[in-house]
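Here come two complexes built around chain A, the first alongside chain B, the second alongside chain C.
So, the complex of A and B:
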């Protein structure tokens, strides 16, 4: 391991301090001047406005890419929420697939419009996934991860073997959305509601308990809190977020079939979280907006695409292990300087 | 029918065991995530093929080169890529899986697809077991499987390096205080696991062709066997291979093949629910549930 502090600069080290404006804007002074107010608002308003502008101005192809990136961002938020509550989940495809199939079934057999299937599939999907995983909530770490990895694969095989809900053919000819812009607006609204809403929950006392379960579940138990209740509630929130993404994709593709349980929907959210930065909900969403367009840009390269994509993924994870979001936030809120050590 | 199911179930189980042994060594015994395992398995196959057909080397030299090459590749990969994110579990998994993905898809891009990519069988013989004919290669698999399992068991109990492998998973800080260089031991463990993968590839691949997709299924199988058997337990890995191997063979014979995956996945699920640390897992008995 290299040690830059020692080899070249003698006995110096880098010191990080909060910027003055950051400290000021945390208090009532934020309302005193435009500068502080903008400093607080800019990082929150910029992504909302930028995404809105892109959705309106970008060519149709890139609008579709943005919609798909937004859907993966929702899945990544769902993964990060579960992971911050102590449940490392390798089966986002389960949430996604259950939501997708629920919407498909309601639309195909009962002819409900998307305005009804989307909310029903979101709530129903969240409920079904929570009930499915309720018996394994007592597992943790890699054991919980393994069970969640296996479940979507198994549901996929059961659908193949029993030929229910269209079997390998799936259900097609479902009701589409009336206009591409409607798709953009629905996904964007869902993303901002999920991102800002869940971030607010995680910042509250309730979120503190969830983070506590992740850090040390026995300490939370010894505070006389029933951690399974909290875990089940967090799981419902995460599963509902994932199920919405699935239900949306069903109507966007006008089709639902076995591929909704594919490994892609489990792996890409984790990769997004690793690139974007864990534990902030915003980081994984940012990661999805980096990875999905990146994979589209590489599409012209044919077979080499996945190779370059995988190499970039490794470079991101190894070169910036904290994640892009943590890095950006540090640069935004802190300044760095070299200080002498040992005086 | 019954004897053939029994015998081929046994062979299927040993194949699973061979695939899982190396993964068990790295991930189970040393607690180092190496999700490029499937890619290393396929790499060994292609290395041997290149050494045999392009360079025209004799078989034993080619096989030795493949095993050594795979081990060195895995060691370098660990030393220069994964070591930097050691301890960040999610990053470790993503980084190694990413490297594996890159290797496998690079082979696909370079055109290593087709029926000509096969390795030669080692033993041209047949054995008649109660009316069921077993070919030579499957006999080699049985022998190699038994040998490697025995060697792993002896190695991790009686040698200094093998004990260090177990030590760094049990308690890294205590291992450090006892003078074990944990980073070096982890690197050696990854290389050792890769060598096991290479030997498994050399004896299993002659049954079919060297296919890129094999890499993904080897990883999934190895992971399943190790988790069911219990991380770090060689005996557990053996029992789990036989459970899953027989479950697969019996469903394939008496039910439809489409149920094969369901039955083995269901078996894994049930075992995990009843015994979360696997059948014989001992390392993290207190950790797996609360």
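So, the complex of A and C:
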């Protein structure tokens, strides 16, 4: 469709232009006019309000699905942040699992309440995962990815072999959250803090350095910047985000066991990013909110569920390779028209 | 904008290389190379393809660790230092194969370098308007200020602009030594002609420059001294014309029988 169809009248080309309101709202006018202010605020306020409304109004079953989607959205944000900083990760399960076990251990052995285990597991999980991956920060691309893929599987086997932390049985009877709505609110708050906070970081000059590392780490080094320091910091942020998700699930399920290191927690965030659109943090989060409920809706189909799910995944990635988020943003900020090009 | 070094002692040796050697497996890419560069000099490094010029640049800037030998920058032994630590001392380089941040707008490429600790230190810890400084620097290397090019993603810029972008990113560090790895390669005659005054201006400001170059004509007009490499060894060093008259150098370039 976008090919410059050579007609007899000459060559036609589809041209994309920024909408007037987009250009205006980038400027000081945004503060003077309601229209521009709303134009800027709407895409940020809408998802916050929509999720809040759903959490309050949806039937209990779908509330749980939303909580689960939010947890996967956090993992997808974690994946995208690392990937945007030049670290393609195949092991979000490591971040998730370490956070989950930390919360479980603190609750089971030291009887700390979730109000303490959640923040402690977030920071501690971020720290432990960063230290674990510190020796391989030098690796790039597929080599880094392979190490992150293997680590969670290794930890899983270590727990099985040494029977620590409940071994194959896991730790059960952990402190639950007092009410399902508390779960919704905690996950939502975490999602918005992570999404808006990390997006702000990536838009700053600090984020510019991270994107530079992703683009060309040698050029960043030649600019007198210690890339390993920046990569370690980005890794900490990504790992902490994933660890929070794990710690939350531990208390939501009142249980933590070896399955928290399962491959699902590594793969689904990547699928979400592919569907939602890489490099924006918001895209992968949106992808999780598409894929998780979709998977639930297909539950009625029995054996063919996975097949249809896979087909839909392919349709998404082939039909909208740029990702849903990039597509929506383009439609929101630009309009298209056909123009004649020369003769 | 760039103010390299308080310029007092022109005789200060800013870079000194002793017995520098690099083996890649069985191949000796750089073999026992020694030379010195004084502050404010422009030194050319020439030699046929595969003679070890780029490896020499990679060694000096820390991107490749030497097998033997010693590198001193401003009196400090930097042998084995990381590239960013050497750059932090004020030794900036361009890449022969340009390495822009393709997904960033052109001027943001320069902002990345302006974010470095060195720049903040030199500015007395003050954070200036990095975007504005970046645009100043781009203007200095020949971008038109406020043209569409400055805001364009680097991935769509033509090669000539990317070379200038490399140079601007170096200048952002306010370097004391500039190492230019074939800055002129792949540029048209007109583009080279417009870059030469930029280099000359830096020389006037007292910048020390090491130029690896294939464009001998342009280089010889501005170089104080040239080194000639062949098969990783330094085979000659001296004033441009004098060096080129040596049979060894002619042999290396033209492939005629050279004496042993």
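The definition used in the following text is that the second predicted complex is superposed on the first by the 333 of 343 C-alpha atoms of A that agree within 3 Å, B and C clash if a C-alpha of one lies under 4 Å from a C-alpha of the other, contacts with A are read in each partner's own complex, and residues count from 1 in each chain.
By definition in this document, a residue touches a chain if its C-beta (ideal position, glycine included) is under 8 Å from a C-beta of that chain, and two chains touch if they have at least 3 such contacts.
All figures in this text were calculated on a predicted structure; none of them were measured in a lab.
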So, A:226: does it touch chain B (first), chain C (second), both, or neither? second
Have a look at where A:160 lands relative to chain B and chain C in the superposition and call it first, second, both or neither. first
State whether A:254 touches chain B only (first), chain C only (second), both chains, or neither. neither
Is A:218 touching the first partner chain B, the second partner chain C, both, or neither of them? both
Partner chain(s) touched by A:140 [first = chain B, second = chain C, both, neither]: first
First, second, both or neither for A:209, with chain B first and chain C second: second
What part of chain A is shared between its chain B contacts and its chain C contacts? 218, 221, 227
Quick one: which bits of chain A touch chain B in the complex? Just the residue numbers, please. 83, 88, 135-136, 138-143, 146-147, 150-151, 153-154, 157-158, 160-161, 217-218, 221, 227, 267, 270-271, 273-274, 278, 302-304, 306-307, 310-311, 313-314, 317-318, 321
Would you pull the chain C residues touching chain A in the complex into a rising list? 61, 63, 82-85, 87-88, 92-93, 95, 99-104, 108-109, 111-119, 130, 169-170, 172-173
Write out the stretch or stretches of chain B touching chain A in their complex. 81-82, 84-85, 88, 90-91, 93-95, 97-99, 101-102, 105-106, 108-109, 223-224, 227, 231, 256, 258-259, 261-262, 265-266, 268-269, 272-273, 276-277, 284, 287-290
Would you tell me which residues of chain A are touching chain C in their complex? 205-206, 208-209, 211-212, 214-216, 218-227
